[in-house]
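In this document, chain identifiers A, B, C and D correspond to the written order of the chains, with residue numbering beginning at 1 in each.
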Amino acid sequence: MMRLDASAWLNGAAPATEGKVVALHAFQMLCPGCVAHGIPQAVKMQQAFPELVVIGLHSVFEHHEVMTPRALQVFIHEYRLPFPVAVDRQVTGSPVPATMQHYALRGTPSLLLFDSEGRLRLNHFGSIDDMVLGGVIGRLLAEGHGDSPSCDAGGCALPG
Amino acid sequence: MMRLDASAWLNGAAPATEGKVVALHAFQMLCPGCVAHGIPQAVKMQQAFPELVVIGLHSVFEHHEVMTPRALQVFIHEYRLPFPVAVDRQVTGSPVPATMQHYALRGTPSLLLFDSEGRLRLNHFGSIDDMVLGGVIGRLLAEGHGDSPSCDAGGCALPG
Amino acid sequence: MMRLDASAWLNGAAPATEGKVVALHAFQMLCPGCVAHGIPQAVKMQQAFPELVVIGLHSVFEHHEVMTPRALQVFIHEYRLPFPVAVDRQVTGSPVPATMQHYALRGTPSLLLFDSEGRLRLNHFGSIDDMVLGGVIGRLLAEGHGDSPSCDAGGCALPG
Amino acid sequence: MMRLDASAWLNGAAPATEGKVVALHAFQMLCPGCVAHGIPQAVKMQQAFPELVVIGLHSVFEHHEVMTPRALQVFIHEYRLPFPVAVDRQVTGSPVPATMQHYALRGTPSLLLFDSEGRLRLNHFGSIDDMVLGGVIGRLLAEGHGDSPSCDAGGCALPG
């Protein structure tokens, strides 16, 4: 089962994840790779796979004094993020927050994928190709009996 | 079952497709959208999904006099295509070749995806997003019992 | 003459601009268009035109409470900006800072180009194509007697 | 003075070049780097700099039997090239055509820039960054007294 230790939720409440394939995207608002690649890819995941639950996770492990929840709120607003964002809970005596520690994330951006039974199936640090990522998500959705593309004599339709 | 009517095979013989998920990429060597988007995406499909069978299909429906098999051979060499290419058979009295007619392709590039039982599952004209396409292929591979990404306590690995 | 009203300089002191062509790039650290396009283009300008003086200008006109000089310092560090950045001076009773008001900037990113005699020659809001921008800078440098590309019998060399 | 030895002109007659800055873009229709980068950049040059004369040069040095003028004509049509294209004259006993030999081009794509007095000022093989290229063209146009960007109290305008 996904373990997400949030001190706050911004941009919406914690979504229901039971029986769903879930993408948890860990980022920091002042991390260049997150802003350039990770976050746009997370937005794209939600558009490409409507049955996927996409969650942002703000896992601050440096410069805590400027990447505050208030600053994050402005960031979410300016970047028009379309998914809820959990603030990863700070841990006394460590710069690394709780969820980041639990999954031993190596940095940001990191992407965690959970299957429909809540098992961790991908834990990826850094960038990942769109097509490869789409393939992984497609497999997880198919396991969980998501729709598949279908054709009849008249033509073929993409799922979703 | 996939129906491919080839007058010649270049860059390798007709591959075995029985029990395999197959991507048939229809293109013309002087079609700008094919060269810019379709062909690079077909190459990427093969790299991202080693268990997928990728086949090029040269479906010439205009300017036949310059898009000859000999010119195609040079094109394949210059672009270093990594998959076999079937020459779609010309039909007497029509500019549109046989396989293109059979699947009622609207133009080039077109992408046909067949599942592991040979059923047509996607027939797409024009460009398609990498992530969306990866998702469709991932679903088809999962149906056919391809490998899925897996994690254990130590970490997670991408399939393939 | 360029008029720049800075309350602080970060990432280096105010550069000498006398007799130089100057690019003044106005941005906000939480402005998506600045981060995606404007700032990378400013960095590229400095690399492409060593004789050009590039200056960043942090012109905050909203969310002042999170885009503080301290947060900007972290931003400059994380994005490894290679040019000095002036903090545009806040004006009592207005959200719009002094330099931004003086040049009637419409928003961020904005690019101001000054010729070698200090005259404003370009005031552009939003994105601008790399080739078009290169053309404008090349003209201004040529007016100011910068190096031009040159060829002899053995070959040709790019300036700079 | 530019020396261009053409056996034919396609897509328009030989343009007047006297007193003009000229970009001569050498390519082959089946050269991947030309199709992906060189030709789109040549098209962009013409759009960005209306006072620049852009000329295509089809310098075939291999696979002559398929890169014929007839095939080139189809290529020009399919890619909607907006500038005239000279066919570089074949030389008896050599695969390398006349203009390519004269300027000792190392391959395709190659870009030659001539100033308004017909002197060669850039001879570049391979890809070149848009901003750097824009800078070189801007300098050559400024030498030849092209328009420069200008500002007055009300605002600023790009040239062209």
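Here is the rule we use: contacts are C-beta pairs under 8 Å (C-beta built on N, C-alpha and C of every residue); 3 or more make two chains touch, one makes a residue touch a chain.
Owing to the predicted nature of the structure, the values given are computational and were not obtained by experimental measurement.
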Worksheet item: Suppose you hop from subunit A to any chain it touches, then on again the same way; how many hops at least until you reach subunit D?
Response: 2
Item to complete: Kindly list the shared contact partners of subunit A and subunit B, in label order.
Response: none
Item to complete: Among all other chains, pick the one whose mean CA position is farthest from the mean CA position of subunit A.
Response: D
Discussion item. Between subunit B and subunit D, what distance separates the C-alpha centroids? Give it in angstrom.
Written reply: 35
Item to complete: Could you tell me the distance, in whole angstrom, between the mean C-alpha positions of subunit C and subunit D?
Response: 32
Worksheet item: Distance from the CA centroid of subunit B to that of subunit C, rounded to the nearest Å?
Response: 47
Item to complete: Mind pulling the residue numbers of subunit B that touch at least two other chains?
Response: none
Fill in: Category of the chain touch graph - line, ring, star, complete, other
ring
Practice prompt. Flag every residue of subunit D that touches subunit C in the complex, lowest number first.
Written response: 41, 44-45, 48-49, 113, 119-124, 129-143, 146, 148-151, 155-156, 158-159
Worksheet item: Taking the complex as given, what residues does subunit B use to touch subunit D?
Response: 30-32, 35-36, 63, 65-68, 70-71, 74-75, 78-79
